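Both of the next two complexes hold subunit A, though its partner changes from subunit B to subunit C.
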Partner chain A sequence: MKMTRYDLIVIGAGPAGLSAAIVAAKAGIKPVVYDENARPGGQLFKQIHKFFGSKEHMAKVRGFRIGEQLLAEAEAAGVKVVLNATVIGLFPEKEVLVRIGDEVSHVKGDAILIATGASENMVSFRGWTLPGVMGAGAAQTLMNLHHVKPGENVLMLGTGNVGLVVSYQLLQAGCQVKAVVDAAPRIGGYGVHASKLARTGVPFYLSHTIKEAEGTDHVTGVTIAEVDEHFQFIKGTEKHIEVDTICVAVGLSPMTQLLKMSGCEMKDTRGGYLPVCDAYGQTSIPGIFAAGDVSGIEEASSAMIEGRMAGYAIAEYLGFISSRERASEEEVQKASLDALRQGMFAPENRGKKIETTEEGIRISENLLTHGFVADDEISRFPGVTRKTGIHPVMECTQNIPCNPCQDACSKGCIAIGENITALPSVISGKECIGCGMCVASCSGQAIFLEEEDVADGMGEVTIPYEFLPLPAEGDTGYGLGRDGRIVCSASVSRVRTLKAYDHTALVTLRVPMEHLHETRFYRAQ
Partner chain B sequence: MLDIQEKMKEIGPYVPAEDDDILVCRCEEVTKGEIRKAVHDGMTTIEELRRFTRCGMGLCQGQTCGRLVKSIVARELHVRPDEVEPATSRTPMRPIEMKVAGRDGGYAG
Partner chain C sequence: MGRIQNHPILGETPEGKTVHFTFDGKDMTGVEDEPIAAALHAAGVMVHRYTSGRHEPRGIFCAIGRCTDCVMIVNGIPNVRTCITPLEDGMKIQTQYGVSAREDFS
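And now, the complex of A and B:
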């Protein structure tokens, strides 16, 4: 019997798998990509928020757009993607057992790339099996792929970036986020993501976790309680919250079963059960590679670079490019990946408490425990300046690898410099024209425009706004502070929705001067 | 190699806990208490636990509970979760109907 043989079999059509297949196909390899889902792109098509990084990482582009670009590129390169194709086995001699439709078949690859991604972790509290308890990723799938609202009143467990980003998307979908809860004493994800929630009034409960989900056939409420440093409940601290949905965002586990099955050397780490591989994804078995979350949980941006790196390594392994060609390509990719792995949230800083920024500025404690920078902390950061004319106020207070604001300003008002984790600062002497490009370009929605004394005792603040319906010019309502509390009444003096803003509307609020520097969100009357 | 007799002496007898009735493996409906008891019955690896209690042997193949089971076992044995021996990975990695598994197209691709 004739066995179908491929140069390269890629398992998983997410950001890593597709990126690798594109690189391989461009080198002359004919790869096949199997994915068990009905749609390619992995988790990218659920990501409706703007990504971080720099231009080369497609920063400020929304995740699903990156997915569309990746698919178009794969198609142009002649990559064959087979959907609804579940790989259920990987045997010696790189034999793959794949289920397609109602049949299983055996195929062989000269090289195999495993890019199967990760699955969501769960926690087992009383009532966790009730309908209404779901992974945050599942809620995101419901909302962003199937346009189904997961529930009305939601509690989010977990303050990593997944928990924070999905909470914001729940708000955008029209849900009420009643609380964001984490057993850890500090918020784990980017402060800017937390601040987007806090300014709408979402409360954070750190050092708290779920005690019990209530309900008989679905969730009707939840009890949370404070935990001590050993994560034991403290008696008498119970709080009851009425919710119909509980989202769990407590980390991801790499789906490494195929790697283990194939006999690759494995290691058990804090980040999960992982294959032992080199920087290019080569496992202990020559010709079997791993890339993306399956080789260690990171962001989609990193997964795409890891995929490309594995793609070049595979092309060399199969003899399609020389080791010299590979080395020069890998150098570019490695630099790009290293740039993403810098800053406070770099892999080596996981679990560490960081007290000061790279610039030597004390971190906002309030941001880590309540989700917003307190009014008396904000002025110590370099992006926050006070002057009369219109100017950007950049409430960017943690070193994260991101610099679109610097590129967005055509007048050169904003400086980050070569090191993309540096905090942005305002360059004096450059004139801000109030175009708002920096506001819309900030993936963390942390840039505002302020203009003092536009009328008698009044100033104007321009905020990024990603909710519907948009307020209309002339509307009156409330200005909310960084903590989400009402600070003053506000009137909407301008609403801008340029194509270049990419669906981030810019809402300009007129507020009393004494509240100008505190107003960061708008609520209709 | 773990000396089971020594380990059992070291960890002491099974003591019921208030949350023993919480389901851990949803697919096979195995509770936390059943897993804890199994450890005290001498099941110290995930492989043994899976065979003994069927936890992680259902539809999701331990995708949801695997990590939870590991942490329960680790706590019971007074070791770190990464010291607990993981289960073997086998085909089929995803649940598959017998009639489909039987319709093996061989090497046709």
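And now, the complex of A and C:
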């Protein structure tokens, strides 16, 4: 039997697989990329938020734009992507069984890269199979790819970054998020993601989980209840919430089936059942590599770097580049990956309670349990300064690898420094001109501009705003606090929608001076 | 449930070609090439099938073709994953009971 042979077979056309294929193709390899989906790009095209990291990680660029760039690069490099192609077998001899349409064929690769990503975890509760209960990823697919609202009134289970980000996207799609619930006692994802929700009035229920999804043919409501430290329901704490949709975001599991099948060495870790790999994705079987979420759950940004690293390792393995060339390329990639793996949410800190920032500042307890920094906690962070004249107020209170605000300010007002997880601070003596680039560049939407005493007893605060309808200049409504409660009446004095802001509108609110430092969101009357 | 007309980040929803299909005999419209499940969801259809043993309803769950909860009878063929099957003009879509359409459900 004649068998097709490729230099490199990549399984999965997501961020890791495509990045690896691009590097390999540029080195002269002719890779084929199989993906079971009808469209390449993995989950990137569902990611409509601005990414974290620094410039080299494409920080402040929205995920779907990164996806478009990656596809263009792959095309330019001559990467062959075969869609609707499900790989159903992988053998240690580097033979792949792929199903395309109704046909199954055997193909052989000199090297194989598994970049199959991850799948969503589920939890079961009474009624969990009812229509209306869906993965957070399903909601994201419906609204961001197909422009269909997942539901009208939604409950989100899970406060990791997926739960928080998808909840915000639900609001952007015009849905109501009635509650964000987690059995854990603390919010798992970035505080800034939680704060974006809290300031719109979304309530958080920590140490709570779902008792029952109600309805006969589809979800008509949900009962949640508090749990004790052993995750057992506490009697009498039940709360009923009217929802038509329940989204579940309780973590991801690497899709390692093919790796297991190939017979490569696997290990049980906190992050799942993973292939044993070196730093460049080489598994225990020479020539079989793994990159991206399948080798350990992280972000799309890290998956792209892991993909590139595997790409160089494969190029050397197949003899297309020298070990010296590989070493110098890998060094750059490794440094970039290490930068992303720093801070409070670094892989080694998973599950740990961090009490203080790298700067020695106490973490906001309120942020971890209610999703917002309390008014009496906020002033202890270095980005929060009070002064006359317009200036940024950066409510960035956790060490996460992210620094676009520093680059955004052409006047040099904002300092993070070499260590990209450091909290930003305002440099005194530098003059803020109120351009708003820092506000729009902050992927966490944690930067505001404040100006005191612009008129008698009034001040102005500029907030990032990513919802429709956009307020208009002259509108009057309410200023909402970090907790989403009405703190004062507010009038809209300016609305800016520059192209450079990339769909983050800047809304300037005029509010009474005594509420200037509390006002963080706007609601129309 | 309902379509998003205008989105703060994605902008106006591109206008696709409207196609006609039937769901359990009822005339419906959707957008050509969108997943069948998206068209049904936009029209408010939640139940795609009932399980064979306990006759429990199932609908969209993963929306990426993995879980098979959303399978239906499409043009007479059962077990079609509606979340990844593109909608075509004139499609006949039926709720699936076990692995059959209602008339031969026992």
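Just so it is clear, the second predicted complex is superposed on the first by the 523 of 525 C-alpha atoms of A that agree within 3 Å, B and C clash if a C-alpha of one lies under 4 Å from a C-alpha of the other, contacts with A are read in each partner's own complex, and residues count from 1 in each chain.
The rule is simple: a residue touches a chain if its C-beta (ideal position, glycine included) is under 8 Å from a C-beta of that chain, and two chains touch if they have at least 3 such contacts.
Since the model is a prediction, treat every value here as computed from it, not as a measurement.
Subunit B and subunit C, once both complexes are superposed via subunit A, fit side by side. By the touch criterion stated above, A:I241 is placed in contact with neither subunit B nor subunit C. By the touch criterion defined above, A:L258 reaches subunit B but does not reach subunit C.
Shared-chain residue A:V181: touches no atom of subunit B or subunit C.
Contacts of A:A339 after superposition on the shared chain: neither subunit B nor subunit C is touched. Vertex at subunit A: the C-alpha centres of subunit B and subunit C lie 60° apart in angle, rounded to steps of 10. In the superposed model, A:S119 lies in contact with both subunit B and subunit C. By the document's definition of touching, neither partner reaches A:V166: not subunit B, not subunit C. In the superposition on chain A, contact of A:H106 is made with subunit B only, not with subunit C. Contacts of A:A194 after superposition on the shared chain: neither subunit B nor subunit C is touched.
Once the two complexes are laid over each other on the shared chain, residue contacts for A:T269 go to subunit B alone; subunit C is not touched. Taking all C-alpha atoms of subunit B against all those of subunit C in the superposed arrangement, the shortest distance found is 5 Å.
Common to the subunit B-facing and subunit C-facing surfaces of subunit A are residues 36, 119, 129.
Here subunit A touches subunit B in the complex through residues 1-4, 36, 86-91, 97, 99, 102-107, 119, 121-126, 128-129, 253, 255-258, 260-261, 266, 268-270, 273, going by the rule given at the top.
Those residues of subunit C that touch subunit A in the complex are listed here as 1-4, 6-10, 13, 34-35, 38, 41-42, 46-48, 56-66, 69, 83-84, 86.
Subunit B makes touch with subunit A in their complex at residues 19, 22-24, 26, 32, 61, 63-68, 81-83, 86, 88-94, 96, 99-101, 103-109.
Listed in rising order, the residues of subunit A touching subunit C in the complex are 36-38, 48, 62, 119-120, 129-135, 137-139, 141-144, 146-152, 172-174, 216-218, 244, 466-468, 470, 503, 505.
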